[in-house]
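Shown below is the structure under consideration.
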Amino acid sequence: MEHNTAPGDPRIADLGFARVDVDRAARTGDPEVVYGAGKTPDQVVAILRALHEKHPERAVLATRLSPETIDVLAEALPEADLDLVARAATLGPLPTPRGTVAVVAAGTSDAPVAAEAALTIAVHGAGVERIDDVGVAGLHRLLGVRDRLEAADCLVVVAGMEGALPSVVGGLVGVPMVAVPTSVGYGASLGGVAALLAMLNSCAPGVAVVNIDNGYGAGVHAARVARQSAPR
Amino acid sequence: MEHNTAPGDPRIADLGFARVDVDRAARTGDPEVVYGAGKTPDQVVAILRALHEKHPERAVLATRLSPETIDVLAEALPEADLDLVARAATLGPLPTPRGTVAVVAAGTSDAPVAAEAALTIAVHGAGVERIDDVGVAGLHRLLGVRDRLEAADCLVVVAGMEGALPSVVGGLVGVPMVAVPTSVGYGASLGGVAALLAMLNSCAPGVAVVNIDNGYGAGVHAARVARQSAPR
Amino acid sequence: MEHNTAPGDPRIADLGFARVDVDRAARTGDPEVVYGAGKTPDQVVAILRALHEKHPERAVLATRLSPETIDVLAEALPEADLDLVARAATLGPLPTPRGTVAVVAAGTSDAPVAAEAALTIAVHGAGVERIDDVGVAGLHRLLGVRDRLEAADCLVVVAGMEGALPSVVGGLVGVPMVAVPTSVGYGASLGGVAALLAMLNSCAPGVAVVNIDNGYGAGVHAARVARQSAPR
Amino acid sequence: MEHNTAPGDPRIADLGFARVDVDRAARTGDPEVVYGAGKTPDQVVAILRALHEKHPERAVLATRLSPETIDVLAEALPEADLDLVARAATLGPLPTPRGTVAVVAAGTSDAPVAAEAALTIAVHGAGVERIDDVGVAGLHRLLGVRDRLEAADCLVVVAGMEGALPSVVGGLVGVPMVAVPTSVGYGASLGGVAALLAMLNSCAPGVAVVNIDNGYGAGVHAARVARQSAPR
Amino acid sequence: MEHNTAPGDPRIADLGFARVDVDRAARTGDPEVVYGAGKTPDQVVAILRALHEKHPERAVLATRLSPETIDVLAEALPEADLDLVARAATLGPLPTPRGTVAVVAAGTSDAPVAAEAALTIAVHGAGVERIDDVGVAGLHRLLGVRDRLEAADCLVVVAGMEGALPSVVGGLVGVPMVAVPTSVGYGASLGGVAALLAMLNSCAPGVAVVNIDNGYGAGVHAARVARQSAPR
Amino acid sequence: MEHNTAPGDPRIADLGFARVDVDRAARTGDPEVVYGAGKTPDQVVAILRALHEKHPERAVLATRLSPETIDVLAEALPEADLDLVARAATLGPLPTPRGTVAVVAAGTSDAPVAAEAALTIAVHGAGVERIDDVGVAGLHRLLGVRDRLEAADCLVVVAGMEGALPSVVGGLVGVPMVAVPTSVGYGASLGGVAALLAMLNSCAPGVAVVNIDNGYGAGVHAARVARQSAPR
Amino acid sequence: MEHNTAPGDPRIADLGFARVDVDRAARTGDPEVVYGAGKTPDQVVAILRALHEKHPERAVLATRLSPETIDVLAEALPEADLDLVARAATLGPLPTPRGTVAVVAAGTSDAPVAAEAALTIAVHGAGVERIDDVGVAGLHRLLGVRDRLEAADCLVVVAGMEGALPSVVGGLVGVPMVAVPTSVGYGASLGGVAALLAMLNSCAPGVAVVNIDNGYGAGVHAARVARQSAPR
Amino acid sequence: MEHNTAPGDPRIADLGFARVDVDRAARTGDPEVVYGAGKTPDQVVAILRALHEKHPERAVLATRLSPETIDVLAEALPEADLDLVARAATLGPLPTPRGTVAVVAAGTSDAPVAAEAALTIAVHGAGVERIDDVGVAGLHRLLGVRDRLEAADCLVVVAGMEGALPSVVGGLVGVPMVAVPTSVGYGASLGGVAALLAMLNSCAPGVAVVNIDNGYGAGVHAARVARQSAPR
């Protein structure tokens, strides 16, 4: 049973258990990222190290870290920065932020997803503004921050349950928005599918949506938009 | 092949093609109603007539009428009142209204469902207040009618697409509310399922929900609540 | 990464990890409530305490408490009342009940949801009548309590599996009813979706439905209806 | 492109467009049946004729006939018996009935499915008793026929919408029962899936279920049970 | 909060935590049964004891027993008969069997469901014949037992994965059949939904279906059919 | 039955059948838009006219026009510009474009959705570049346009069937991207749900998704991004 | 709005409304194919002509032709061969067949899908053997053709409803098999999803599956397998 | 309760808890296989031993082994070969490979499924070529191995998340391909359903699909194709 070997292609780092694409930054302008789910703590450490060696000047990001992986990381890579709410880590210096993304979250339970989005945005080179606990059932909290929404270059709006927040925000301001449904809820929330469907059917125009709990994906999109925006 | 025959039970009117329950008013205090879907125009006329004869002092209601049925009805029962938007008809005098239900609709396309709810409420003995075109994407329209929401004994809130309106209304006032998802939308609205799920997962407490496009059911619930409410 | 801070708005209590809306009572007439799922025991204790300080004259409610949270609560807030079946707690005096809600449950396994509804109703200011084990497969049990159903101002009907109980109850009496599907069942019950769909499609008019296992939501709706009902 | 040809097997009738299994009666004791959906009127006529020639002493059955097929059949096979409600036809003498099946239907709109079941039962050699319009929202109609339910050897219970009727019937009597969900309903009835799920989750024991609108399948099962039952 | 109390109705046994219907035998001819899921071991023991005292002459059945409940039962009720494969127990003498049900299982993993069906049949008064490991992928095993299938008064056919066995059996013999889909499978088996759908769509006529893994329900239906069948 | 009337609010145009929000441009910077589905031709004409009178200096857009509406529009508003592929129309001068959006479509059948996106982008003030027929099954077509993808400020990527195109494009360039699943396909495409799910699960980071066939929503998002982008 | 133009790439034929990939034969060894759904008759004719000019020595294939397209084709391209059952056409000489595929169909209603598979196989260079009407409910028909199944290099097995045929065939012979679920059925067949799920969960090893009604896809796979098989 | 006994049929090995079909090799040319899920370690050992005794000259395969089963196996059958990544084992000599299958995997997390496919192929008599980490988001990795794809007799393409890899591979080469969706992903991946649907809707012709995570089934199909292919 012959196995394919890394053919010396400098765009690929062969770690034995994985052939890592180390060329993404060149192709897309984004930093390298490790998706931690389904990887052992040692694999995450090894990939983070390899990516950091390849790109020492710029933070690499690891997401979806299990508690075990966080413990191993803290020991093996003490120079890494851990974000316990986001269950994520960075290694290397954050880039200078260009533009601003406001990360807007409906409720306390949405905090891990909002934190993942916020850290992703910072690693991808944009500034972050956090606006929390502005769920639609207490509208005065949201109406009080309209100016801050309007000042951002891009919005990431995070909500679970019925996922109504993006529609209300989208009726207030015309800033580009990415909505993130979360799996917060029970029963007919179907693990976040109810919020996902609501966001896809928003009556507010221009709401773009990512996968359930995908703070990372929303952060990448928003950071790209913010960092290319002209200063106001 | 022996068939069951109406055993002289006065609670049942045997029309040959159907054995109609004419006892509902006694059991529940509600008027008699004909669900027109899947019935021929002649069947609808015959049942309406039978119910009206049994209850001449109080309007009976026919819903979900096809254009053909409406034409036949107009000819056969000229004394019936037709509501073309609600695709419904009444026969007999409306009761004196007790209490008030506000029927709140998000968009123009929700009008048939809102109209069915409004007519049902009137037939079931409560007053109706219509509040239209207050979808969440233009919040100022909703905020401008908060007093009228608060003055009602019960709310029927009608919305399609992402179904966010009940959550926002439920955050503004504590009036009992029934939410009606509509099939307005396309693609991932899944024929109204997206709005239905959103309403079932509302972060505003106390939102009770009926079937997609079921203005009638919402109207029955709301009229019962309104007519038993103490005057304020 | 700048964070939004509570701008001195008295309607918001900033606990650091959450910005709690303490204005709901003013807006809706309902008590303050903590949804315990996804919160640490310490967070639940802190929020309960903050809400109680703001509203010492009226019970606040905590629902969906894990066994761990219940243990911590019992120790930290010995003056709280714990309801182990409902997995809930209250802090502060219950209001004087106005009106009556009958909580009707199909089977023994539906008890936690029925208990959550009952406690919610009491906290929200209405009286409670419990009617248990009246599933439709033994109809004599239900027919024997028809008078008690009719005497209530509102019904909360709780059932899992095929969710048929609301339809049968709705054919017996015309009292406003909220149906609660439960996740009791297996296989094609799909975690309560079968009961939910059945209740949404009830042939009895006026059945309004809440999310699977949502005794709290049903209780809020029913208490609002009961406490505004005119005495009979 | 070679085609397989009927190899003179007397169990197969080769009509060119179809190779009909004419051996089912021998294997299963049941009559031959033509499923009319997706076949042209001429194909239905040709197959009915071929089956009748093979089994002239016993009625053959054709189901799911379109209006066009019924017209062609009436002309081409005037000796056939047409059942317009069941959208079905028989050709040849009905067998002498053994045992009795009660076909119980919830509402008027379920009539076509109930009629298909009833005709199927008669063609498969059992007697039929029809009990119509006994939906659970008017329980007195059902309770009045309990004796007739108990007297049957098997029950076919037909209902759409929330599909609660089999659970209630199954709590009243211990007769073997087949439940048939119908596609009567709208919105969250999902074309009959809600009723199907409800019946599969019945809290009454022993409820066996067939496909949505499958009066034929229920009739076959029930007739087999009834005709082998010992006389009482 | 007033609670309903057993009003001395001899058809109901009030155990405090449950009001048990002890009248089912009189209404339906079936034994009393305890569904163990969601009940504590002590509750199961208490209900079994109460039912046995009411019906000492006839076995009562407990199904869906957890390993803990089985241990407690073995200690508390040593006279009970335990079936470890079926995860069930009986207390009291089995009735004399009338008629025969063949329980046919596709694979080894379907054994628990087949065993639950077999024990249910025995408790409900019919004889049982087991036919195992006759999945359709090795057809010779099934064809070799055709005589035994034909000799039964009713068939219970148990299969997971693609659920094809009932269709093949239904093409071989005309005996009344109940099909039981099992949750055996992975991925697109969707917890048994694939097998359930296949059985509902069987091209063999007369296949009636019960819920996923519901050996009990199939056993009840089949025993009723078998015990009323005329001897051959 | 009292109806709410437009209270002289200049942000709302009351047309009798609808209360149109004419304030969106002020709030969001976007033009006014009429969603034509579910509206009569006369309603579309009336709303277009009202919006155009309010904003004569800037094109208003009408989407989802039926063939009948297009005919009526052509007659009633000859000065409107019709886009027959997009089933849309504009009235008034297009704004000067700022920035560029590349609209990338997988196949010929995706053309209507791509055209709706393109027209929406133009109306919303950005330039459009069309790249068609670059489905992933013929990769050379896509690889040949990589430069043009990279030159855009935002991408709208339109695909039906398996919806793979956004993942491949997202691996080639780091430009902000909105993916639009289309309902092109059959069977297990489930009306576009397969493509929608694929895009939500893209392994390429930063793919944001809109509803099935929602070229309009994608166009709004992309135009907002493009027109605020700094020139390169 | 600039449009991309065919850059003289000989692998692409620019027809104005489409940029056709005419290079597939070179890359994959397969003929060129037009998918007719969603294309006008004139578009189909134009593409067929362009492909035929490019590859005059080998038949090109058009599938999913509407009745209108077939009429236009018959007139515009009289030299094309039409297959009315398959709703398909070929233009140019069929290749010499290598190897043999047996196309096995369960019922008469599956004929269009089986015919599409058969024609596709012939166009893709393999021989075809048709085996029809061998559904599992009449097993003797299938057992009688086992030799012909075994003689084939690949099998295409077509079935609707419960989709059991591939499992039974897969237990009889070890020939590579592609299963095609069809949309034949109603109710819980969910448009072919029931058969699709059954085939994906087949207990017979090695069953590979294509989309519902996708005779074309199955034919391509099978022809590739057959034509590369060593003669036996 | 009589049990069926193995009637001396040499095609069946009766192990008490199971009646094993030991005839498959004769019927299909494939080796015997034990599906380990749902079996105890001792049962797996017993079946493996029985199959090995029947077929000592050729490896038998056990898949889906739990860690416990692997431990027991290692002790009880030290001569067995364990594949820890594939969670599988073989006992007996592997056959001489005929033909080659390339197993292509998108990401590191797909490794267990790819390993199961690879081992299955080897046990079923074909050669294996592994090509890993060639997901579509880094296309250069895939384009670099096109020659190796083209050299294979059959492809097994393994991918989770959006499942796009088979479409891209299918556009590059015309080799017969089996696609395996994996459950790698979260949220709207729905446990692999998103990838499954994508593969079924592939715009590349001839993609045949197996169940989610079913490396075994794909391996059986591919090995059959490869070992009958004519040498090139």
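Lettered A, B, C, D, E, F, G and H in written order, each chain numbered from 1.
Keep this in mind: a residue touches a chain if its C-beta (ideal position, glycine included) is under 8 Å from a C-beta of that chain, and two chains touch if they have at least 3 such contacts.
By chain, with names taken from UniProt: A, B, C, D, E, F, G, H = Nickel pincer cofactor biosynthesis protein LarB.
Because the structure is predicted, anything quoted here is derived from the model rather than measured.
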Target chain H, source chain C, minimum contact steps: 2
Set of chains adjacent to chain B and to chain F: A
Between B-D and F-H, the pair with more C-beta contacts: F-H
Label of the chain whose CA centroid is most distant from the centroid of chain G: C
Most distant chain from chain B by Cα centroid: H
Between chain D and chain A, distance of the C-alpha-averaged centres to the nearest whole Å: 57
CA centroid of chain A to CA centroid of chain H, Å: 36
Gap in Å, rounded to a whole number, between the CA centres of chain E and chain D: 26
Between chain G and chain B, distance of the C-alpha-averaged centres to the nearest whole Å: 50
Chain H: positions in contact with at least two other chains: 137-138, 171-172, 187-189, 193, 196, 200-201, 205, 211
Every chain pair meeting the contact rule: A-B, A-C, A-F, A-H, B-C, B-D, B-F, C-D, C-E, D-E, D-G, E-G, E-H, F-G, F-H, G-H
For the chain B and chain F complex, residues of the former touching the latter: 108-109, 111, 118, 122, 127-133, 137-138, 140-141, 144-145, 148, 184, 186-189
Complex contact set, residues of chain A against chain H: 1-4, 7, 9, 11-12, 17-21, 23-24, 37-39, 43, 181, 183, 191-193, 196, 211-214
Complex contact set, residues of chain B against chain A: 106-107, 135-139, 161-164, 167-168, 170-172, 185, 187-190, 193-195, 197-205
Chain G to chain H touching residues, read off their complex: 27-30, 33, 153-154, 171-178, 196, 200-201, 205-211, 216-218, 220-221, 224-225, 228-231
